[in-house]
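For reference, the structure is listed below as C-alpha cells.
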C-alpha cells in the first residue's frame, strides 16, 4: 500500500496508522535556482567517488542521488592512484565507473562527465581533471605529466580542498611554487572554495587573485542523504552558467569562470554572476501604497532555494521590519517601505549578506520597484 | 514582513530567520467532507458559549473560529439561566450574543443559528434548543415550560452531555421518566453522543432506541485552538446532510435525523448516511493488473479528513497489505489485490472500523472496482 | 484519551490514529532568555486589551495566554475613554479588567500590573500608564491632566505606536512640542519601538535621544495564537532587567531604562543590557584543537530563544563556516577557528546582526574562548 | 558548523539560517521493542545484498544502516549463483562480503551472521541459508545438494518471498512437493511472511501448518533510507526472542521458532511470543478513580515502536474513547473506563488489531489494572 498525499500534505489530522507514509521527499530535496539572462543555471556536482576508488556505492547510486537532488550534471572522479578496493575490483580500466554511471543516466536529462582525481602528495596535492577521455593515461610517475596529459585530453583541472589539514596543518589554503607554475601553464583552471562541509575564504581569495574558476563539490564517498542530512540540508554544488544544456556548454562555462557555489545557505561567486542570479531569484510581484499613506507595500517573490538575508542600504526605513531583511526560499514576502511621499518608482539598495563576492565582502544589489498605479 | 510559502512548503532548506513565518494553518485546520448524493454535507457545531453566559470570548470570536475551521454553520447557545458574568454584563436580553455573532458573520457563508441552552438540574439536565426566536421566553420556573416554549418557537431540542458525571456519577447516559415523556411529546429531538472530548456509547444507544437525532458538539467555552489542539486535532462536529445550504435545510435535516458525528478520527451515525459518506469519500481512481499477473493494483483516493481504517471481508488477500487497511486523509493509496484470476470487476467488502453505526458495530460497505481494460 | 509523548517525540513511525494528539505545544511556545549578572531577565507584555475596552476576550484569557507563553509579567491596559462594548458592559469602574485578571493569576507566579491606555487624538496620541492605582481618575477633559494624575499615582507612562499611520501618514515617529514638554516634565517615560508586528527605527532614535525606556508590546486585542502564529512565531515583549521578581523591581527597572525588546528574531536595546544578555545566552562549553592541527573546535551553546546571527570581526577565518555565523536557538553549535598557531586563549570579536543597539547599528561583542588544556 | 539541538527541539521559533541543521534523525529511526520475560527481543534483518552480488553498496554500508536503525543483528546473504557484477568483482570466494561486513562491525554490538541466498528456479525458488561457514560449497548443480550442504554446515534455511509473482503469477504462496520434502527432511526451517514491502497471508498459513519459523526481511539491494522512507517508515525486521545476545542464542531461537515480524505497523507472530511482547510494551503506570465518580482514569505507557490498535472486548465502555483504542508509540495514553462501581481491580480484555497471530486473526490479550488505593 503506497500512499501519496495529494491535498493537505503538511498537517493531517489523522496521520496514517497502518501503512507507512511514502513522503514525497524527492520534491523537497531538489536544488532549485532560476536561470539568468543569457545562461542556464545548471546545478553540478563535479567531485564524487564510488566503489571503483574509495567510495561506498556502485556508480549508479551517484546517478540516482543526483536525480533525486535535481542536479543537471555530475562528474565521476575516481582516484586513479588510490584504489583501496583493488583486491576485490582489480579492473585495470579506469574508465569503468564512468561507463556504469553514464549508462545509468542514459534515459535521463542528467549529464555525466568523465573525470578523475589526480591524487598526489603536496605539492600539488589532489586535483580533479574533468572532460577527459581516458583516465588510464593519467597514471604517471610524475604528477606534472598527469596534468599535461589531462590538458592534452581537453581536461578542465581544479585543485581539490586546498585547505585540507592533512596537507596544511593550519587549514589555510596557500599556493606553493608548483601551483603557481601550474596556473601559469594553464594546468590548473579552477579551485574548490567549498569541499564537503568546508568553505575556505583563502581558497576564494586565491581564485580571485589568479583568475581561477570557483568550484564547490560534495566529494561524496558515502551516502549524500547521510552526509548532508537531506532533505533538511543539501550537498554543496557548483552552479554553472551555461549557454546550453550540454556537456560542451558546461565545459566552456567552466573555462570562462561562469560559476557560483551553493553551500549551506550561502552563494559564493563573482558579482558578474551572483548579481543576475539574485535578480532572477527575487521578483517584485506587486507594489502599492497602503490606503492614503506613504507606506508602500511590496510583494517580493523568492524563486530560489536560498533564504536571502539583506541589509537595507537605502535612505528609507520599514514599517514592520528591521534593517536586516530575509526573503525565505520559495516564498512571498511583504515589505512595507516608508517612502516619505508617494513615489512612482522606488530603488532599494541592499547588501545581500549570504552572497559572498569576495572574502568578507557581500553582494551589493538593489530592488527596482515600480509602483502599481491602479486606476 | 509577511511570508507566504508558495512552492516547497513542507521542508525548506533554509527556513526563515528574521521574519517570523506566517504558516498557512487555516488551510490545514479546515474540516473537509464531501457531499453525498442528494445532500450537502454541512459541517455544524451546534453548542457554544461566549462571555454572554460562561464563555471566555466575545461572540465574534466564535464566528472567526468557525471560519478558520471551515464550518458551514454554528449555533450560539448561551445558558439562559446561568450568567456568571451578570455583574459585568447585565444585559437582560438573551438574544444579544446571537445578534453580535450574526452580525459578525454577515458577509460570510457561515450560517449562524439562534439557540439557547436550557440549564436545569436532573432531570432533565441541560438541553439546547436551536432555531428559536426569543430565548428570553425560555426563562421559566418549570423546566417543562421552557421546553414547550422552545417547541412553540419551532425549536429543535437536544439533550446535552447525558453522560456528564456531575449528573451521572457512573458516567453512563440513562433516560429518566422525564426524558421518556419529553421524547414522547416531541420535546426532545436529539441527543449529544459526543460532547467536548467525550463519546458516549450509551447515548448513542438511546438515540437508536428512541429515534433521536445524533449530535456532536464542541460545547466550547474557552478557545477552540487550545481545547482541541488545532491544527493537530479538531473540534467534534455534527455533519448535517441537508438538501440546501440554508438554515431551513439544516433544520429539516435535523428533525429528520440526517446527521453523523465527526469526533477524533471516528464517524458516528446511521448506515443510511455514513455509507454514502464513505462512498463519496473513497473513490477508485484507477485499477489495472500488474504485468501479466493476477495481482490487481487499485488506486484509491480519500477525499475526506478521516483516515479510514477497514478490515478486509473479501475472499481475497493482498500482495503488500495486511487484512486491516488504512486510507489516509486527503491521500491516494495503492492497494494490490490478489484476485486469483484476472477479472473485469472486483467487489471488496469491508468493515470500516472508524465508522460506528451502533455501539460496537461498524459500517459494512464495499469497494466496487471496475478494472481498466487498457486501450 | 489523552496522549503524552514521552520518548521519541519528533518523528514517530506510527502516529496516532484514533485518538488525537495532544502535542506539548506549551513547552514550545515559552519565551526563554537567561538572566544577566545582577538582574533577572523578566519577560513582560505591557499592553493588552480585553472585552472591557475593545478586546475580544474575558481578561482571564490574557492571563492564560501569558502563562502559556511563559511570561513573568503583564499589564492590563484598557482604553479608558474608548469603550465600544459599553452598551453590554456598562460597568463604570475602570479597575474591573485588572481585578479579574489579577484574581485569575492569584495562584501563579505571573505578575499582573494595573494600567490603562490614555487614548487621545494627536498630540499626544495614545499612551499607557502602568503601576497606577485608579484609572477612573484618568478620565479627564484635558489630556495633560490625565498624564499628571497618572504620574501622581506613581505611574510609568509610555507612548504607544508613535509611528501609527492613523496619526502619522508617513508612518514616521516624530515628536510634537507636546511630547517634548511631557518628556521634560517627566510625564512620558518610555516609548514603544515595537508595537504588534511593527518596529520603528525612528521611535528607537527618539528613545535614544530623549533617554526614554524602550518598550515592545503585543497590544493584543484578539488572540495571541492567531495574531502571532504561535508556536511558530511569538508576541513582541519587553525584557525587563529587574533586581527581583516583584512589581516594584519591574517598576524601578522601567524608570531606569533597563529593558530590551524581543521582536521577531531581533533584540533591540542598549549595549549596556543587550551585551550581557548576549553573553549570558551564548556559552562556550568546550574548545580544543583538532588532532595536531591549529584548527580550534569550539562548542557554543545558545541558551536563548534568539537565533543569533553574527559577523566575524576577528583576524581568523573558519574551517567550515562563512564569515556570517548563526547560533540556533536552544542549540549547540560547533565552530572551527583557524588560529594559525595553537593558542591558549582566543578572543573572537563579533558584530551581532540581530541585536540592534541603535538604528542600523548592531551590537559589537566578543567570545572569549579558553582552550581546554587536555588532561 | 554543526548544530545539535539540545533544548526545545521540536519547534524552534527561529530556525537556523546560515548553518544547516544536523537533525538527530538517528535517534528517530531506531527500532525499539522491549525484552520479554526470559528472552531478549533482538531486532534482526536476515536478508540483504551488497555489490558482491546484485546490491548497490559496499558491505560496510549494510553495517552502518543497521547501526543507525538500532538493529541487534544482520545476516549477509549474497546470491551465490547470481553475480551480475562479476566482470568487475571476479573474486571467487563467496565469503568476501561477510568478511568485510564483519570487520566493519568489529567494534560495535552488532552481530553479523554469515549467510547466502541459494538462488534457484522454482521449485524450490530462493532460500537463505544462514549460520553457514563456507558459502562456496553451496555452489552445486543440484539445488538439493546446496540445501544439504547448508544443513551440514549447521545452517538455518528459510524460503524467500514464496509469493513472488516471478514464481507465482497469482502472488499466492503455495508449497510444491519439493518444499514439502525439504521441510520433512529438515532442510527448510523458516519462511518469509514479509519480504520488502510485501506481507503474505498464505505464507503465514504455511508457516503455521508446517511449523516453520516466521521471518520478515528487508531483502535490501539499494539504500534502506530510500526504499523504506526512513525515518517516516522502517524496514521489516524479524524480532528474535533469544536467551542471550549472541549468535548462538539467535540461532537456537530461530530453530525453535521464537520470532515475530515487525512490518509497517503490524506485528506478526504466534501468541506465545506476541502476547508477552504486547504485555512488555504496554504498562499501566497509574489508575485512579476520578473524583467521587466510578470513572477510572488509567495511564498506559507504550514502550514500543508499534502504535497498538485495540478493540475493547470488555463489558465496560469508556468516557471519552470509542471502542477501538490506540496506544501511540513511545507515548502515554489516558483511558477512562466506566466501571459502574468503584473496583480495586479491573481486567480489560482486548483484541489487538495490529498483532496478527494467524491470517485474519488478531491477538486477544488483556490489561490487568490494579487501582491505586491512595490514602
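Think of it as A, B, C and D in the order they're written, each chain with its own count starting at 1.
We adopt the following convention: contacts are C-beta pairs under 8 Å (C-beta built on N, C-alpha and C of every residue); 3 or more make two chains touch, one makes a residue touch a chain.
On a predicted model such as this, the values are computed, not experimentally measured, just so you know.
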Quiz item: Chains in contact with subunit A and with subunit B: which ones?
Solution: C, D
Quiz prompt | Maximum centroid distance from subunit A, chain identifier (CA atoms) | solution = B
Quiz prompt | subunit B and subunit C, separation of their C-alpha mean positions in angstrom | solution = 40
Exercise. Identify all positions of subunit B at which a residue touches two or more other chains, and write them in rising order.
Key: 13-21, 25, 232-234, 264-266, 307, 309, 318, 320-322, 324, 326, 336, 354
Practice problem: Note which residues of subunit D are touching subunit B in the complex, please. | Solution: 13-18, 20, 163, 165, 169-172, 197-202, 263-264, 266, 290-295, 309, 311-312, 317-324, 336, 338, 340-341, 353-354, 356, 359-360
Self-check item: subunit C to subunit B touching residues, read off their complex
Solution: 1, 17-23, 25, 51-52, 55-58, 60-61, 64, 68, 85, 87-91, 96, 222-223, 225-226, 228-229, 232-234, 264-266, 307, 309, 326, 354
